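Common to both upcoming complexes is chain A, partnered first by chain B, then by chain C.
After this line comes the complex of A and B, so read on.
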C-alpha cells in the first residue's frame, strides 16, 4: 500500500488531467453538434419520413396509412425497376472507371510535377463547380449538338462532311457529361493522396535501382490507393443517383433509376412507391459505402 | 373575495394591466368582421396563385389590383404534379391552382379543390363551347375548372426535311427516314391518347387491356425515331430550331411552331388526317381558401376577354379559350396566335380526355420509357 500512496501533487495532476479530458470531450461535442444537427434535420429526418411513406399506399390520390410491404414487393418483382437499377449501376461503374483513368495522371501531375503552377491548376479543377450542373449540361448541349461548336469545327476544318448526330442525346453524351461533372471529385482526393507521398520515398526506391515507372507503380500508386478509393466512391455514388445529365444530354431515352423515382412521384403520384425506390437506392449506396469503408480503414492504417 | 383582495399586490395589478394591453393590441390586428373560413362576400387578400408561367404578367396583376384593390402573388408551377404536390403539402395556403383540365379529377378526388358555380363566372358564356362544355373540367357532375388557355397537338416539322404532304400522314413519325429525328416531351397521357386515336379507337381515353398494349407497342416501335424525350418545352423547341430534330410530335404543337417561326425556322404545324388532340388548362379554387370571394373574382377576371388577350400576347403566346379576345388583339396578332384556325382545329381534332384507367396508362408509359 505504501508504494501506492497518492501524494497531493499526483492527485492534483490526475484531477487536472481529468478536467483536460472533459474539456476536450466538450470541445469535440461542441464541434460536432452543428454537423449532427444538420445531418439530423436534413438527412436523418427526411429519410425517416421516406421510410415511413414507403410502407403506405395511395388510394384515389390519397394516402392509405395501412402498413404494407407492397411497394417493396413491386420493386423486386417488376423487371423494369431491375433494368433501371442495372442501367444506373452500369453507367456509374463505367463513368467511375473512366474518371479513374483520367484522374490519376492529372492528380499526379498537379501533386508532383506542377511546381508553382499547382495552386492555379487546382483552382482550374474546381472552377466548374462555380456554375450549376444544369447550366453546365445545357452548355454541353451547345457544344455537342448538330450545329454545336464541335460539329461546326469539324465541318469547317474538313474533317467531316455531315455532322455527328451521336454526340448528343446518346450514351456517349451521358458519359461525356458525367465524366466532366465528376472528374474534379476524383482528382481532389487523389491529389491529396499523391501529395502525402514523400519525394524521399520515391527517391529511395530509385536509389535501389527502380525505374521511375516501377517506383510509381510500387511506391507512389499503392500509397495513393485511399485517394483512388475515395474518388471512386464519390463518382460511383453520385453517378448512381444522377438525374440531370441523363435527362439533358441523354435525351431521356433510357430509364435510369433516378428517372423511375421521378416518374413514381410525378406521373403516377405514387409517393409511397417513389419513397420505397428511394430507400432501396439509399440502401445500395449505404452498402457500397460500408464495403468501401471496410476496405479504406486498413488501407489508411497501413 | 377577501382572499383575492388580500393576495393581490401592485405587481399583480401591473401584470393584469400588461395582459389587457397585449390583448387589446392583438385584437386591433384581427379583422373580426371577417368570418374565420371562406369569406363569401368581402374581398380579402392577398391572393396566392399557383400557376403555369404567364400568369405573373405585371399587367394582369396590376389589372386585378385596380379592379379589386387586392394584391396577387403568383408562384410559378413546373408541372401539374408539382401543383398537386404543393397544394397537398399545404406549406403555403394557395387560393388558386392552375392544372390542365385532365387533372381536375385528381385534384377534386384528393379533396383539394372546390366546385365552381358557373353563375359566378359570367365570362364562361364568351368561351368556345367545346371548352366550356368539356367533361374534364367536371367531377361528379359539378364544374371545378374554368378554362383559360389551350393548344393543339399534331406534327411540327422542318419543311426543308419533311413536307406538309408527308406530315399529313401520322404514320410518317414511324418512317425510317425520320430515324432519331423526332423530339417529344414527357407527356404520357398525350402520346398514349394520340397513338390510340390514330389506331382508330373512337374513345382513346377508354383504352385498356389489349388495346392499351397495342398502343404501347406501337409507341415502342416509334422509339428508333426518337431524338429526345424532354422534360420541358424549351428543349423541344431548341431541338427543332437547332436542327437536332426534324419534327416535334405533340408538346403543344401550335406553340412550338410559333416559337420556331419567330426564330426564323422554316417550320409548319400539320394536323395529320388521323386527327390532332387539344389540351386546355384551367383555374380552380383551393379548398379551405380564406379568400373565397377574391378567388372567384380572380377567376372571373382571368377568364375575361381583356385579361386573356393580355395573356395570349404575353411572353408565352399560347391560345386562349375566350372567343372575344379579338376585340383586344390586332388582326395580325390574332392570326399569329392561330386563333383564326380554331374552327378548323375543332373540325380535325378532339380535346383530349383524361384516361379512365390512369394507373394502367402510367404503367404503360413506364414500359415505353424502359424499352
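After this line comes the complex of A and C, so read on.
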C-alpha cells in the first residue's frame, strides 16, 4: 500500500533531480567557460608555442624548424646566460630576505598594535603597489643618481664631497628597487598570519612570565610562519623574473635573466633562444612553487 | 612574579612601544617618499630637475598637457585599459560565482590555471603572446594590448571576486529562487546590486594595472604607443620635467583609484559577512 503511493513521487523526484543536476552542470560550464577559454587561448597556448620555439633555431634571420637542443645547451654552457641566472637568483634572494626583515615588524604592528587604525594602515601599505612599476622605478632613478636627491642632499649638507657613484646602475640599485616594489606584497600575508594569532595566547605566555620578546619569538612568530613563507615564495619568484626594475636601475653591465630574454628577442632577433631562456626561467619558478606548495596550500584554500 | 596583574583582551595600542611605532613610520616614509619626489620635482622651476629646487612652477604641467604626442598616448592608454578592465571583469564574474557557490569538480585544476599567469614572469608572457600574434599579425597593436592585459588581470579579478562572493548570504539567493525568480532576475536584482562595490573595485584595480603595465604591452604593441611606452622611451634620453609632471598626475590618480578599490573591497567583506 505504502509502496504504491511512494513510487510515483519518488520517480518524479529522481527525474527532477536529474534535471537539476543537468541544469547545475550547465551553469558550471557556462560560468567557467569564458575565463577558461580565454586563459587557454592567450596563456596556455602561448606557453606551448614558447616550448615549441625553444627547440628550433634562428639561422640568417629565418626560423629553422629542425628539432634541436642547441638552445638549452647554450644556456648551460654560455657564461653570459649562466651569470644572468646566477645574478637573478642572488638578487631575488637578497630582496626576499630584506623584505622579510622589513615586513615582519610592520605587519606585527598593524595586526597587533595599531588598534582602530589597522584597516587604514593596511590599505596604505597596499596602495603604492598599484602605481605603475615604471614610475616607481623611475622615482629611484631620481633618488639614486649621481646628481640625484640622495647624493645632492648629502653634498649640500656637507656629509660627503664626492657623490656616490655606486648607488644607481648597480645590483644594489636593483635590490633597492625590487624591495620597494614588493614590500607591500610581503606585508599582506604576514598581516593575515599575525592577525590569526589570538591575543589571549600571547597574554597567556606573558602570564606564564615570558617577557614580551620571548612571547613574540616563541608564540607569535612560529604561528606566523605560514605568512612568512607565502611572502617569501612570492617575493622570490617575482624578483627572479622582474624586468622593469633591473632595466631601469641596473645599468646593463650585468644582466638579469629577464633582460637577457628581451636582448635575445629584440637585438639578436633570436626568438628560439629567448624562448628557451623563458622555459628555463619558468621551470625554476615552477620548481620553487612545487617545493613550497605545502606552505602555500592552507593560504590558497581559504 | 607578576602576581595580581590580569591581562585580558587585545593588547593596549599605547603599549606598542615607541621603537616599533617609529619603525613603522619609517617604513611608510620608505613607501611614500620616492613617489613624493617625482611629484615634488614636477613643480621644480629648472629644465633639469634636482636639488636644490630653484622655485615652484606649474609650467611643466602646462607643457605636458599641451604636448600632442604625450596626450595621444594618454588617451590610447585610457581607452585600452578601460576596455581590458571591463572585459576582464566580465569574464571573471561568472567564473567567480560558479567557484564560490557551486560544487566544481577539478576545482584545483581551475584554480591553478587562474593562478599561473600571476606567477609566470611577465616577460615570459609577453614573449609567448608576441609569438602567438605572429600567427595573426592583424591583431598586433591595440587589440593585442587589450587581449594581453585582459589575460593578466582576469586572473586576480576572478580570485578577488570569488573571495568576496564566498561571504555572501546564500539565503538571499535561495529565497529569491524559491519565490520563483528566474536566474537572470536573481542576477540582476540581487547579485549585481550586492556585488556592485566589489565589481567596481576589481574593475578599478584592473584598469590601474593595465594602464601602467609596460613590458607585456611593449612586446605586442607594434606601432601603438601607450603612455608607459612613451615614458620609457623618454627615459633613455634627457629627462624632461614634463614627463615628471604627467607621471605625478598618473601617480596621484593611481593612488586614489587603488585606495578607493581597497576600501570598497574591505567594506564589502564587512557588510556581507
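For the reader, a short list of remarks on this structure follows.
In this section, the second predicted complex is superposed on the first by the 251 of 302 C-alpha atoms of A that agree within 3 Å, B and C clash if a C-alpha of one lies under 4 Å from a C-alpha of the other, contacts with A are read in each partner's own complex, and residues count from 1 in each chain.
Note that a contact is a pair of C-beta atoms (placed from the backbone, for glycine too) under 8 Å apart; a residue touches a chain by one contact, two chains touch by 3 or more.
The model shown is predicted, which means the values in this text are computed figures rather than measured ones.
Look at chain A after the overlay: chain B and chain C clash there.
Judged by the touch definition given at the top, the superposed model places A:235 against neither chain B nor chain C.
Judged by the touch definition given at the top, the superposed model places A:91 against neither chain B nor chain C.
Contacts of A:268 after superposition: chain B is touched, whereas chain C is not reached. In the superposed model, A:111 makes contact with neither chain B nor chain C.
Legend: residue contacts after superposition of the two complexes on their common chain; A:178 is shown touching neither chain B nor chain C. Applying the stated contact rule after C-alpha superposition, one finds that A:205 touches neither chain B nor chain C. Judged by the touch definition given at the top, the superposed model places A:278 against chain C, while chain B stays out of reach.
Looking at the shared chain after the overlay, A:190 reaches neither chain B nor chain C. Looking at the shared chain after the overlay, A:224 reaches neither chain B nor chain C.
A simple residue count on chain A separates chain B from chain C, and the partner touching more is C.
With chain A used to align the two structures, chain B clashes with chain C at 132-140, while the other stretches in 78-86, 96-104, 132-140 or 240-248 stay clear.
The residues of chain A shared by its contacts with chain B and with chain C are 141, 147, 248, 265. Of all residues in chain A, only 60-62, 80, 83-84, 141, 145-147, 165, 168-169, 247-248, 251-255, 259-260, 263, 265-269 touch chain B in the complex they form. Of all the residues in chain B, the ones that touch chain A in their complex are 79, 81-82, 84-85, 106, 109-111, 180, 186, 188, 223, 226-231, 235, 238, 242-244, 359, 362, 365-367, 369-370. Those residues of chain C lying in contact with chain A across their complex are 1-2, 7-11, 13, 15-17, 20-21, 23-24, 27-28, 30-32, 34-35, 37-38, 41, 49-52, 90-92, 94-95, 97-99, 102, 104, 110-111, 113-117, 119-125, 127-132, 147-148, 150-151, 154-155, 158, 163, 183, 205, 208-209, 211-215, 219, 228, 231-232, 235, 247, 250-251, 254-255, 257-259, 262-263, 266. On chain A, the positions that touch chain C within their shared complex are 24, 27-28, 30-32, 34-36, 38-40, 42-47, 49-50, 53, 102, 105-106, 108-110, 112-115, 119, 121, 123-136, 138-143, 147-149, 152-153, 156, 180, 183-184, 199-200, 202-203, 206-207, 209, 234, 237, 240-244, 248, 258, 261-262, 265, 271, 274-275, 278, 281-282, 285, 289, 300, 302.
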